[in-house]
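Chains: A, B, C, D, E and F, in written order; residue numbering restarts at 1 for each.
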């Protein structure tokens, strides 16, 4: 019988304080530094679910709405949304607050895709299935198919006519 | 008369060597570090075109096809594809080679969007138009509208029915 | 009526992967880097409880039992154990696992003391009381008095004869 | 005949200037960064005395009295206080001054314990004896036994009743 | 027939923005950080020409005329000026501008010498000849002999009486 | 009466261990990182003598003879050789040893020139005279005039015919 794991089993939390060496010349967190932290948190989460090394395969659209000033505290929560054959999608949610913990708000979100790789051969290895439990987990699990189709479409690996899930969105 | 600038005026090149402190535990460039460098190169390019400070607004899908091992040299080229009212899109192309300069190959690409901001008020400021000249520049310029529509759609800021450019792709 | 807060309100989790630039020449996590991360996590926790900036006042004895090799994942959990007038004690617990999430084990623990300071004057400010709930929380709360006495004794700020809590331990 | 070495033989001095990337959001040296530097200086000193690689085993209580502002210069002096069988204790003294060299003052002190390890097997290796010469060196040498007893007691590796050196301090 | 390469073949451009963690306590780029970047850019250029690993052998006099403030953008251009038997000279030119691209000016220049080394044995390896084409390239190529003589003289490896090129400069 | 200070008053020692994140892809200390450390040590020394902030004005020829492998310990000693009106020259000597303290050898040397600047106006400020005492100090003091002449000559700020000290070296 195939193994399956829960979302909670690999949920990863990373809290960081914005120090001077994380900022840009305007005194806010540099977008690139946030992406670096998100990649680490998402990678730890993916490796824990896959029980293997992983390599970043892609990152979907990331939006940056609000400047995050020096001294802010950010909390990155990474959870697996769905496991495919040798790859898996991780949702990365970033919440920002003042150093005092006050004024908490959602600031960024992104979907990362990782490939599980063998430590020695670097060949892709099989990933345990994900077993979503809550309503939120099930919604993210369902949407993963559509996001994957969009990625393949953007990468030119399928044609628009093959993107059946997305096509449906544009039906009258 | 409105000012316009050429692609060449703000083209930005960043060459880096993968040092031990840029690598992941497998000895390859960490995905997050590459994203950080791309964000800096793209941001320099955007600020030079806009002649103002800029803030990262979003990054489109980035794919990572090949591991980039310790000692590799990467060359990031950032060029403006199109300027909108107070924002602009930058295309970031990454080429990787061995330290000897041999075995050069394309490794990553991404589109970044930046908002031009006033240094003091941080309010959005107007951006000079882009004047594409070569065939490649014109193609990137044209595609920018479609990519922007996709971003607004993914961000939930327009409905599928309003995404006229994308919709066309799914017509029979 | 005086405000009081729960342990859970400021509990802070920081997960990190040991990258090449965190290691010492033997390829294991450098002790000093671990201390730096623990200080950040404990400081975020303290600031959140105090709802103010904080400054590290002291760190109790830290032991390093096991080498933590490159690629390991560490999870630092910081919780307030007790709030005094303008200072508070934070317990910092470090758990280490392989990148796969397997082979998890306790690796380090330490108590940090912080002083809450006003952002502008840097003068000490009053800290909300802690309200311990679970058995573990109550035990840590109770022990905080003895650890504080030990710190004052080591710092030469009280005499051995005044260290009533510690003295008791040495009674026949 | 057993080898013995002098304190001066391994005395290690590390001078650093507080740069923007060493500071916290209040513009002072981050406590964790100071601990990192102390660990490096103490480790170099220990390795030089032991003539082998070393691993940090523990750090005693460190106090932080004064904020150390951006641009300050700190001088860390590390000296071996006593060598045991396969471990040794290092005293780390931190002096701070303004960039001009003026306004010099003691800011921190800590005792580090290191285990000497074989580079290949990582097994503990024998450490040369320390031969204290000055009055200060002899005092630190003598106190090392008591501090060691306290560490074992705090680590729960001896009972209060066995801590004969410390017990004496609490006699009427 | 001996291989020869053009200057353009290995020309290397590195663009960087001065972030807070590159600055000194006065808020300008730290001289040492600029030297580090120049060494990386020059080393990439040398390795590309030599088609082998390289080790920095020496850096000639570097002058720092103007403070480069936080938020500036620097562009380092490295070009080979001449190849000797197993070593080569690289000219490194630094141009600084405001983040807006305005107010561009030359800020630093330096000549680096590298030795081409075999990746495995680290023994020096032969370097392809340089074939200068433009007037500027020819002038740099010609001057390389005189600069090399000065280096050998400063290093005490030739006597003043043997420095025929330099001696000529001092003839009446 | 004019103030004068001794060499010993501002002598600065910086000891560092070569960690993985200081190395190049061959596993040795990157030349640029060594230059960065030398600049910091020399700058601390200069500021202490000048009792003011300082800015790096120039660095003379630096040679790199030996690769410094991961895990080595380097000791940088910086001493003022001579003070001019508003500038001063610092000699920077680098000694390398294995982590065990064994196999110690000279590895690099360089002369740095700094300008003393007022913290607020950044205008050059007067520097106390240096009073050399030992034979070595006197020799470095005397040579400073010749090195300064060479710097002015290389910078094109004096003509060969005006370089009276250097010219003498080339007399028959």
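Points to keep in mind about this one:
Operating definition for what follows: a residue touches a chain if its C-beta (ideal position, glycine included) is under 8 Å from a C-beta of that chain, and two chains touch if they have at least 3 such contacts.
Please read all numbers here as calculations on a predicted model, not as lab measurements.
Listed candidates were D-F, E-F or A-E; the one reproducing the D-E interface, defined as more than half of contact pairs identical by residue number, is A-E.
Spacing of chain C relative to chain D, judged by their CA centroids, is 20 angstrom. Averaged C-alpha coordinates give centres for chain B and chain D that are 49 Å from one another.
Averaging C-alpha coordinates per chain places the centre of chain C 42 Å away from that of chain F. Shared interface positions of chain D, i.e. residues touching 2 or more other chains, are given as 17, 20-21, 25, 30, 40, 43, 53, 71, 99. Chain pairs that touch, as defined above: A-B, A-C, A-D, A-E, B-C, B-E, B-F, C-D, C-F, D-E, D-F, E-F. The part of chain E that touches chain F in the complex is made up of residues 25-26, 28, 30-33, 35-40, 43, 53, 55-64, 67, 117, 119, 122, 151, 154-155, 160-161, 163, 166-167, 169-170.
By the touch criterion stated above, chain B contacts chain F in their complex at residues 17-21, 70-71, 99. On the side of chain B, the complex with chain E involves touching residues 9-10, 12-17, 40-41, 43-44, 47-53, 71, 73, 99-102. Taken together, the chain C residues at the contact with chain F in this complex read 20-21, 23-25, 27, 30.
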